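Letters A, B, C, D, E and F mark the chains in the order given here, with residues in each chain numbered from 1 onward.
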Amino acid sequence: MQSHQPDYFTTYTHLKLSRDEKGVLVAEFHNNGGPYIMNAAGHTEFVDAFNRIGQDRDNKIVIMTGASGSFIGDVDWATFGDVTDPIIWSRIHDEGLQVLENICNIRVPVIAAIEGKAHIHSDYALIASVIVAAETATFEDVGHFAVGVTPGDGIFTTWSYRAGPGRAEAFLLNPHPLPAQKAHEWGVVAEVVPHGKALTRARELANLYLKAPEVTRRNVRIHFIQPLKERIIKEVGYGLSLEGASSLDLAKSKRSKK
Amino acid sequence: MQSHQPDYFTTYTHLKLSRDEKGVLVAEFHNNGGPYIMNAAGHTEFVDAFNRIGQDRDNKIVIMTGASGSFIGDVDWATFGDVTDPIIWSRIHDEGLQVLENICNIRVPVIAAIEGKAHIHSDYALIASVIVAAETATFEDVGHFAVGVTPGDGIFTTWSYRAGPGRAEAFLLNPHPLPAQKAHEWGVVAEVVPHGKALTRARELANLYLKAPEVTRRNVRIHFIQPLKERIIKEVGYGLSLEGASSLDLAKSKRSKK
Amino acid sequence: MQSHQPDYFTTYTHLKLSRDEKGVLVAEFHNNGGPYIMNAAGHTEFVDAFNRIGQDRDNKIVIMTGASGSFIGDVDWATFGDVTDPIIWSRIHDEGLQVLENICNIRVPVIAAIEGKAHIHSDYALIASVIVAAETATFEDVGHFAVGVTPGDGIFTTWSYRAGPGRAEAFLLNPHPLPAQKAHEWGVVAEVVPHGKALTRARELANLYLKAPEVTRRNVRIHFIQPLKERIIKEVGYGLSLEGASSLDLAKSKRSKK
Amino acid sequence: MQSHQPDYFTTYTHLKLSRDEKGVLVAEFHNNGGPYIMNAAGHTEFVDAFNRIGQDRDNKIVIMTGASGSFIGDVDWATFGDVTDPIIWSRIHDEGLQVLENICNIRVPVIAAIEGKAHIHSDYALIASVIVAAETATFEDVGHFAVGVTPGDGIFTTWSYRAGPGRAEAFLLNPHPLPAQKAHEWGVVAEVVPHGKALTRARELANLYLKAPEVTRRNVRIHFIQPLKERIIKEVGYGLSLEGASSLDLAKSKRSKK
Amino acid sequence: MQSHQPDYFTTYTHLKLSRDEKGVLVAEFHNNGGPYIMNAAGHTEFVDAFNRIGQDRDNKIVIMTGASGSFIGDVDWATFGDVTDPIIWSRIHDEGLQVLENICNIRVPVIAAIEGKAHIHSDYALIASVIVAAETATFEDVGHFAVGVTPGDGIFTTWSYRAGPGRAEAFLLNPHPLPAQKAHEWGVVAEVVPHGKALTRARELANLYLKAPEVTRRNVRIHFIQPLKERIIKEVGYGLSLEGASSLDLAKSKRSKK
Amino acid sequence: MQSHQPDYFTTYTHLKLSRDEKGVLVAEFHNNGGPYIMNAAGHTEFVDAFNRIGQDRDNKIVIMTGASGSFIGDVDWATFGDVTDPIIWSRIHDEGLQVLENICNIRVPVIAAIEGKAHIHSDYALIASVIVAAETATFEDVGHFAVGVTPGDGIFTTWSYRAGPGRAEAFLLNPHPLPAQKAHEWGVVAEVVPHGKALTRARELANLYLKAPEVTRRNVRIHFIQPLKERIIKEVGYGLSLEGASSLDLAKSKRSKK
């Protein structure tokens, strides 16, 4: 049915897109095919990528995953440039909120398949309807409080929504790797599978969901994501502004220490 | 005190009502005294029944339960008629939201006593303040995604509210029986009791709650139910509309397969 | 830096305040240095105390704890006077909401260190970002339904927020001591530590958080507390009004029994 | 079509119901056919009446009006009994919110036709989609601040919603008759008509709306009322509790003056 | 600065895009350069167009206007195909909400310049920060209740937000042309200008706003649009579903009349 | 009754406090008794002042006004120091939100009496229940967009709430003096009085409101302010963060122009 491949499939440097004949799209974060480390180029292109994915009605199910046994392992803050420049932070603010809205607006079931480290932007995964994680996968936030920055980009909103606020606050204030099994006990991960099997299981679930007719599949996503979408829209813009001011103070305090 | 029995007690075919001298009302879903299978007649009359129950200030505590070792085991969609007729779906939409509002508006503590299958409209039970379930009881949603329909009638809103959204989404997209003990671990079921003892324990709790004076009992319910009531009113009307469109597509896809 | 001690440190009879050289403030509920039993004098002065704590930018981290191996063990309702007098309840209503808002408005990380009984106003502790509890600590609400009063003062809102509403409703309708470990499983308590070690561990966490720069620390609190602050402001005023009417009925029913 | 008259049409002492062959229901507040003065009996029966009206799918349009050239002119507080009795106020609270919810849940267009005084519970009229008022009609709230009671029963919520909060606050704190023309300028009244012509014009609008098919008519009401319904559910329960405490203080202050 | 013209400028059949050297983008609805009549092709492409406009940080101010002395004068429902097909309505639903979100997400000041008829999707204009209208311009909704369909696509949400709900409900239930001056009195139109001068005045305002620095301009839009964006996201998806069911009933009632 | 004057009456440099024997407190913004120009010292002390005013139950009515025929005429941004320092902006952010919350939490009717220029922080006045303005008074926002800064500190939230968002957006994007009469037509000003008579009329209203008993007076304020308080708490923190980033960009663009 989707024999031709849309042009946006080959547009992105850090998101590999492929779709099978049934319409199951796999979106894979990567860097030259290897594990992805968050960078500014990806931050910008994911906004467009998830928008295009969401608008393309040939996508029947979307699976989000990483490459080479990792989800997103770390962040390369340096690529973002001088985050104390208000123009640069304004871009981060706008993209940071928009990418989450665009994932919310993928109006078919979204499954996250997690191997290895989901240590940056695990919030992307938590906007999926269902998370399948390998038993060896771990969750952490290495990009915020651990380096002196307020975790305001959606990481709190999504973890608070799925794990409960008590767990989310402690998890973000004192970052340590959280095993997949623990994330399952917290209600965040739906299924824990053997190492290396996350994507396989996600494909099985996708095939199961495909039994439902088109509008059923679209509407179940619309219904389920609405409360989280509303929270993201209420909380994350402000969160990113608070994070921006925090980055400014971090830079200032580093300068003053020199 | 309530020696006379109000006339609405004998009005409903699928809800048996009885009240003891202390004002503990037991509302029992049934079909000719046996296990209840959801049908259109019940869907309509429960709207009125729960409204009357809520307005009758002689009801001091309300226990909701099923008959013959079941809560609600399945749904007989055929009784609802042609759900692709917009007039018929309009009725389902209106009743479907109104019945949940009416359970919310029972302004005394509501206890659900679950034996056997709570496989349809377990959302009714999740609007209770406290759920007591037999160890053999199971929860599932056999009437929506399993048969190709969007679960939009309150089942997501209530499970998301009480079990957390991560669990609710996976539970509804891939329906399997959830044992009472698991539902207890998820925070949905307050107490797991031996097989056949759910109603007995519910009555014990009712007697305990009766020690509080009238306004205390009424106001605790008002206070506790408010956040869920607000979510139901925000989410379920839209959910039912999404479910209606989904049913239409299901019917169309069935026709096209023939 | 904070060599001088602000005058408000010595203002309160039931809240002992001390601050180390790094700006970690310890606020300790007590009665003459011993375990604190909630009373009207404390209810009034905590409003001012937490406001002053929140406004004082020399407080870098706030730890809330009790004295002599207890958090708050009970309430002395008699000190509140005639709660059926609408003027007196109006004061309780206003103070009761304001104190919670003022704790929310402490714009640095707040840690609760719990030993012994958190049997009254554990909601104060649940507004902290992180709760550290001794393994021997217990949570309960002995001041509301157990004595015939609607639990409307924030106890439901905070427990519902952190433990989930199903657990909160059962917990408050049938009060029993909840061990710290259970509260940990529910996601309320972040860390369970040996008996007598709660404050020590809270100080360790405080020192960890102090590594983040000023604005990061302030903004993380602002971001994390926002959803709970909004719920408190939406729910607790009404809750306190419902509790007031309940108290009135309790008094009336006691008179009528005489 | 609706040749037979449902039994609830003749149930209410203070609400006369009649329906034409097209399904336009006219609900008329009255006292023995004359102008209605709000009393406890009406307060109770309107809850049931508007629920029945809303559930009856043979009602295609609902017109709410008064009798003998008045809407509701005053209130007879004495009929409500001892409002300082918490049980009695509990009933007023529950009914007061429920009646507004029930008017919101009339899922066909509702038109208010106002002649003379809408000086009590004009909030009933403001839940209509459209208000037609005679040029001689006036709006006021004579039952709250004018007699020393907090206007918490929906009068502020509805006026704030339709006239804006600045106007509503001043209107309720310093009650004076507001002419229909002024209410029109404020956006509250849709059409001002000659004296005695409000019902006539309401019937014309009803006939216009009847051109739309059933589901269109039902769904336009559902869509339009949702924001006000949500505000009522958020605000009016608390408002009524605040009004109850206010009544208690009024009674106390009257006693102390004696 | 923006000497090169981005490729999306020439992508759309019904939206002409041009930008001056200061970054003021004019987006003009049209049909072959003449007045635009809403059609399915435009409905689809506006989603993408406003997204691209919003993401392009070279747009410093956005002016939305129509062509040949009209804004959008009517709708050609026939181009949308069989709106009773659930797949087709699903597309209308998804596009209908997404286009409004995308206009909200244009994070620079948006000005609407209205000449002639804004008789379809005036909600697009009401998401602008400021509306300038020619004295001869009129507002109306000719595509919903006037033809038997529920106005659920944002037209109520935006008019209720800017004109107040009382006016919006009457305006949509009994559609008539509303002169620009009246819309100004209602607070919807900021400035009324002579016939043919709307775009000229919009450009003057744009130049005025350009005096503010980049982040100021972006952030003022973000701040001002947030409450309306939240309302749109809460209300319009449901509204469109209600409208879809209404369309189905309209088609059915037309068939039954034949 | 309040023969003694509380100590906080003499604490503030820019807010003169006086109270008559009936408990009517007049709070007067001033600078050495003359017209007040907003400065950093006032910004800080008003937080404490309005908190103290709100907590003091001897205040029965609060009137907020200016001195020497002005409300607040301008702002002296220089006194705030280097607003690009994140620590300094953090203070402005925290104070800016807290002062509005504290005015909301004055739980007795608040009346604003406006003479002359309300050109800075007219949001303070718009949190009053009722505004009385001299016919010569004018409203404007000279401190934000006019000088290149995002108006995020509550000025939009309050004007949008009381005047409607369409008027508020245009008013703030293109600042000009708005006469009191126009603000009256917009629903913001309750009463326009002759030049010099605002305070006199405010006192008359205060005496009128004093006829209501204590709890009635307190509860009417609690009920009326709740929706605005919720909006302030949802919107203004973010708004101030957006304003902070805007100030940073303004400073940067000024530097780059040199």
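Definition applied: contacts are C-beta pairs under 8 Å (C-beta built on N, C-alpha and C of every residue); 3 or more make two chains touch, one makes a residue touch a chain.
This structure is a prediction, so every number in the text was calculated from the model and none was measured.
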{"item": "Mutual neighbours - chains that touch chain E and chain F alike", "value": "A, D"}
{"item": "Labels of chains that are neighbours to chain C and to chain E", "value": "A, B, D, F"}
{"item": "Shared interface numbering between chain D and chain B [over half = same, under half = different]", "value": "same"}
{"item": "Chain of greatest Cα-centre distance to chain C", "value": "E"}
{"item": "Gap in Å, rounded to a whole number, between the CA centres of chain E and chain B", "value": "42"}
{"item": "Distance from chain B to chain A - Cα centre to Cα centre, in angstrom", "value": "35"}
{"item": "Chain E, residues touching no fewer than two other chains", "value": "86-87, 90, 163-164, 214-215, 219, 222, 226, 234, 237-238, 242, 245-246, 248-249, 252"}
{"item": "Interchain contacts (touch definition) - all pairs", "value": "A-B, A-C, A-E, A-F, B-C, B-D, B-E, C-D, C-F, D-E, D-F, E-F"}
{"item": "Parts of chain D lying in touch with chain E, wherever the complex brings them together", "value": "109, 129-131, 161-164, 187-191, 205, 208-209, 211-216, 219-220, 222-224, 226-228"}
{"item": "Contact footprint of chain B on chain D as seen in their complex", "value": "47-48, 51, 55, 57, 86-87, 90-91, 94, 98, 101, 105, 107, 214-215, 218-219, 222, 226, 229-230, 233-234, 237"}
{"item": "Footprint of chain D on chain E - complex, ascending", "value": "145, 148-152, 156, 160, 163-170, 172-174, 186, 231, 235, 238-239, 242-243, 245-246, 248-250, 252-253"}
{"item": "Contact set on chain B toward chain E in their complex", "value": "85-87, 89-90, 93, 234, 237-238, 241-242, 244-246, 248-249, 252"}
